[in-house]
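Note that the chains take the letters A, B, C and D in the order they are written out, and that residue 1 is the start of every chain.
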Amino acid sequence: MKNFIVLILFVFVSNIYLQTRARTEIQIPDILGYKTLKCDFHIHTVFSDGNVWPTVRAEEAWREGLDAISITDHLEYTPHKEDINLRYNRSSEIAKSHGDELDITVIKGSEITRSMPPGHLNAIFINDADKLKTDKWQDAVAEAVKQNAFIFWNHPGWKAQLKEGKIKMYPEHIDLIERGILKGIEVVNDVDYYPEAFEWALKYDLTIMSNSDIHDPINLYFNFAEHEQRSKTLVFAKDKSEEAIKDALINQRTVVYWKNNLMGSEKYLRPIFDNSISFDKQELSFTGRQTKFIQIKNNSEVDYKLKLVSSSQSVDLPEEITFKGNKIVLFEVRPKKKDQSGKEKIKAVYEIINMKIKPDENMKIEFLFSAEFNPAK
Amino acid sequence: MKNFIVLILFVFVSNIYLQTRARTEIQIPDILGYKTLKCDFHIHTVFSDGNVWPTVRAEEAWREGLDAISITDHLEYTPHKEDINLRYNRSSEIAKSHGDELDITVIKGSEITRSMPPGHLNAIFINDADKLKTDKWQDAVAEAVKQNAFIFWNHPGWKAQLKEGKIKMYPEHIDLIERGILKGIEVVNDVDYYPEAFEWALKYDLTIMSNSDIHDPINLYFNFAEHEQRSKTLVFAKDKSEEAIKDALINQRTVVYWKNNLMGSEKYLRPIFDNSISFDKQELSFTGRQTKFIQIKNNSEVDYKLKLVSSSQSVDLPEEITFKGNKIVLFEVRPKKKDQSGKEKIKAVYEIINMKIKPDENMKIEFLFSAEFNPAK
Amino acid sequence: MKNFIVLILFVFVSNIYLQTRARTEIQIPDILGYKTLKCDFHIHTVFSDGNVWPTVRAEEAWREGLDAISITDHLEYTPHKEDINLRYNRSSEIAKSHGDELDITVIKGSEITRSMPPGHLNAIFINDADKLKTDKWQDAVAEAVKQNAFIFWNHPGWKAQLKEGKIKMYPEHIDLIERGILKGIEVVNDVDYYPEAFEWALKYDLTIMSNSDIHDPINLYFNFAEHEQRSKTLVFAKDKSEEAIKDALINQRTVVYWKNNLMGSEKYLRPIFDNSISFDKQELSFTGRQTKFIQIKNNSEVDYKLKLVSSSQSVDLPEEITFKGNKIVLFEVRPKKKDQSGKEKIKAVYEIINMKIKPDENMKIEFLFSAEFNPAK
Amino acid sequence: MKNFIVLILFVFVSNIYLQTRARTEIQIPDILGYKTLKCDFHIHTVFSDGNVWPTVRAEEAWREGLDAISITDHLEYTPHKEDINLRYNRSSEIAKSHGDELDITVIKGSEITRSMPPGHLNAIFINDADKLKTDKWQDAVAEAVKQNAFIFWNHPGWKAQLKEGKIKMYPEHIDLIERGILKGIEVVNDVDYYPEAFEWALKYDLTIMSNSDIHDPINLYFNFAEHEQRSKTLVFAKDKSEEAIKDALINQRTVVYWKNNLMGSEKYLRPIFDNSISFDKQELSFTGRQTKFIQIKNNSEVDYKLKLVSSSQSVDLPEEITFKGNKIVLFEVRPKKKDQSGKEKIKAVYEIINMKIKPDENMKIEFLFSAEFNPAK
């Protein structure tokens, strides 16, 4: 009978994918000597209220071009417990075994799932999830600290836990922040963005995070065929080891990547943009009101959406332009007057409306190029 | 503490889909007074070696436009048993509760999983899967019969169970067929097609089946964005109740629908084609060698691929033409001679290379139209 | 030598499409006993400043599922005249010969191209475009009237012809309207929508129009692969003959169809919506706060975007929901209280934000269904 | 009146694209110190029997990621001549003015259009097309030679010019080849591939070419939304100047790129493959029959389709695998025996079925990696 099982095991494993498995890389450039890792630190499986076996999470991550994920099943909310033997380390362990095969970093985590305050907290980089199952949430947090976890506040604006419909930071959170325990905050969870959380992240020096909180198969939830995408955290780390990622999280080297938006510190957004974009020329020579084009190449997958803020009085420039992801677009320049002559350094300032450095402030960039004007004949 | 759980349950359930859930209907016409149901009778979940929670199977089916599924977890191969409490009825029951909400028929089944012969058999429409877990496969089959199951042979050409690399029907199968126990056979399993199984289905009057045998999330396995599709069985039934489906299966009212191919009895293929196709005109009037077009509308999603077999000597017709799914295409007709005159009934015979009525025989159709020829001026 | 040319002609014509030519129908239901024709009445070719041969316009129209087009080359702006022999009827005639083969109605038109006022006017259903080439625009208009043309005002909000940046109706337009000469107005031109023109159409009883004003190959301009679409006029006519279309235009039986928006009289918008949508059930029975779903099928290609205006106090309904084109979606209903009992007729009012009956007013619809409440056990 | 025209001209030009114009680069790596240029040397416009204005050809080329095109209108077949003033240099000149704006190289050409033999010949890099319009084709060829043209044979297997249905090289062609006049041959024209032409190219040292021979708007003919693509010639040149391209053509530095196939000399195919592909590791350590994966990254857009020819007896390798374009795929390796031990250099030979170095010979590649075997515990 044992042989029978072994035989079946073998044939199943060898047949599990008749279809090609392919990974599509996420095109965001590396910056500042760091790798730009694409990560999702909030993920569920059948071991709490999710709907997939943990291996699927590593497989999905590999296919989508992610580098690291954290499995964070609820400790307190386990609706499948009638059918699943509750061992809180299992989901991370199972996911990790598949992640190891595919070179995906799988970080052990748990969601400490309580009413507000403090609401839901994720503890990641833990050693033993079982020990976090305590009566009082304070004890769970203390245990996470003991295990050197990185702790962040999940979906602070989640409707179900709002007080009188309003997002709010409680004394409990301030206390955890002041004691150096609560280090990160989800500015984006699922498909929701919380501007207040972004504000707090800046004010309290919290690590900015964006996670999917996915329960279903990822592509049952996000329609990849229509270019929907998982909410992700970009992490700037030396490599994709757990240590390097933890170092990046502790030092706030992260950016939100959500629905074609990048949000976070200008320190990281600026080099992402600069490393994404290149020009075919920076000198233009005009005769009369003839239009000239600068070809602008975007090596990232992000569609950068620009809006003109200010510019030289000599030329007409696009009021709005999108530098489409993985495309080359035309930046049109035309002299305002047909009898202009001489040389000029043109400076144009644009804001990028999908790169936010504060909830209400877009990153600005300057375009510089030389223009030589010759009067029309 | 109970209230806490209830609260969480409520909010989770109410938030589980921030994204729109949408069903795309599968466009195959109804025929002969029956509904054309789109079904998949071979599906796994975490309760055996699958990777999703059973509810996902009903959700996937609803999204893809299926009408009925059967959950058929292995009785003998349960690699997750360290983590899952093995109760063999659970996966069908859980899937059914979600199916009921979405009006998807979920049929209780089990895969009797043995070495060859008889290999793997699915018993569906059973009452109690636990009773099918027996030492001898003959006892499992007998119990299935007792429960009035419909039993079919799974993937008869599965590589792992071939004898010297060859697909083969064993005396055990013949015996089951002769005793009226084995009633169906998978002609398609997963992405594999077995012509021999098609041959046997015709020879032994077995119900032709095509099933996905899906283990992973469906759209992790099939790339819907690139128009891949789940292997399916079309069932011609009075409605989508279990009774009506069972009646159709027992009476062999099924057709394989696999990778843009329809395979089965001409009795069903012909009305599917006839109900899919319409013409804008059937009378053409020519002057000289002028080309005329018949616009052909295909109301189904199937791309019908036609190849000319024989035709009138008066006109040139397309050697090959595809009636694209949900499109209108042009059927070009041109007189061979410029000085032809008079009227003629044109008959053209085409074979449809993706409609198979035998493993080596395509269905043929006749096009009839009237032509009036006028000499070129 | 003549034979040589004939031979070549023959072989070219017979080989012009090795690729399949396919038409995709535009899915908008017929209403009120009329056909819903999909039309574009403002189109250019190489005979003025366009970039394609006129036959291409009929071919494009056929492929995209249009029923009728009008070729409206400029009379006064013909930048290719160094290379093209200017005969103003040619482009319509050439397009029509190809349209006839494909059963596309091609209407002869001209664009009377002047500075503002009156700006650009299209005259369609004309007999002889050459006669419209006059020194004074008033004479061109008079000739068009003589030829029984239908005349409409093109892109009234076109930036290049605005006075101090503002869209404006001039006395010349009012005069033409009062004399019954100017009968239609482009509320949408190219990808631009002019709310003021919509306002004027309602005030002056003008026929509402939406046209592409296309100069380039249509799918060089609109990215069909990313679901962009040509701006179109829906025309409600007895059939697709010129006469029937003219009758519809004169009697204002039109609706704008532009970027997933329908704009025009409620008289036409309401039956379009009603004929697009069907429900699987209208009676719901609840136990406690259990969620129930009505499956809503949208037989049109339009994504209807609904927003809740008012509803019963007994149930929670979606605040926002999109009835996706050619899909079935779930309309969730849940009792607000778990101990409710009895029956109730539920009425919910939604506005459809992409169906405009005035520039600032969306069409509203009512959903009615019966609810039976049973207290939770 | 002049001012009026100027005004209109200005506003038209400034409004011609409200939509974004974007270029998608064709991902094929540079090789051997050359740029890999993507070219199409056989293109028509309204000036012969094509259907677009010449500017469109430069615009289309820019959008699709081409580097250079040649406009080659027929000299002898000009069905639009009733409407177009025939000047044979105009189409290239008009296309070139738009190409210059977009940095697309537009080469002046003509199609010498005769019955077979010699059939149709393209002469490109000419100075004056008018002079090629002669009574005898020999005179046209002589004039092209005088203008230092590069001359190639178009669609040698074109059905309309076959003798008894068979493709054939005539004495006239041999003569032109021997005299160093006919230097290239279309191995692919439109969507047709001629193996015989490939054979002749190898035998007679002709430059291998693949061109679209496009008459319609490119994306009316090829359905880009369904991943169809224009037939193209890859040219390995120092830069994209006319001189550099001519040098490459004369020296046969070209490869066919047609429907995901690359065909030509191994000298160029091999570095294209080598520069497309990278591996994450080349050393594998096994325990028992455990499967290990090498992640293979394909930086080109080509789907390379590999088939196993021979391999080591120690491991199972994929029989078939596709290195998908712009994806990473998994190359599975598994020891055949569970008790194997020791180290081994594994060599596997694959043929790439879509890289042809002869009509009947695929290019082969070798995979080398180190394996360390440890017996299963």
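The rule is short, and it goes like this: a contact is a pair of C-beta atoms (placed from the backbone, for glycine too) under 8 Å apart; a residue touches a chain by one contact, two chains touch by 3 or more.
It should be emphasised that the depicted structure is a prediction, and the values quoted were computed from it without experimental measurement.
Peer 1: Could you run down the chains that neighbour subunit A and subunit B together?
Peer 2: Touching subunit A as well as subunit B, we find no chain at all.
Peer 1: Take the average of all CA coordinates in subunit A, do the same for subunit C, and state the distance between these two points in whole angstrom.
Peer 2: Using C-alpha averages as centres, the distance is 40 Å.
Peer 1: Going through subunit C residue by residue, note those that touch at least 2 other chains and give them in order.
Peer 2: Answer for subunit C, listing residues that touch two or more other chains: 10, 14.
Peer 1: Is the way these chains touch best called a line, a ring, a star, complete, or other?
Peer 2: If you draw each chain as a dot and join those that touch, you get a single closed ring.
Peer 1: Tell me, which parts of subunit B touch subunit C in their complex?
Peer 2: For subunit B paired with subunit C, touching residues are 10, 13-14, 20-25, 101-103, 280, 289, 291-293, 295, 321-322, 324, 326-330, 334.
Peer 1: Residues of subunit C touching subunit D in their complex?
Peer 2: Touching subunit D: residues 4-5, 7-12, 14-19, 46-47, 49-53, 55-56, 59-60, 63, 76-77, 79-80, 82-85, 87, 90, 94, 113, 115, 158-161, 190-192, 215-217, 219-225, 228 of subunit C.
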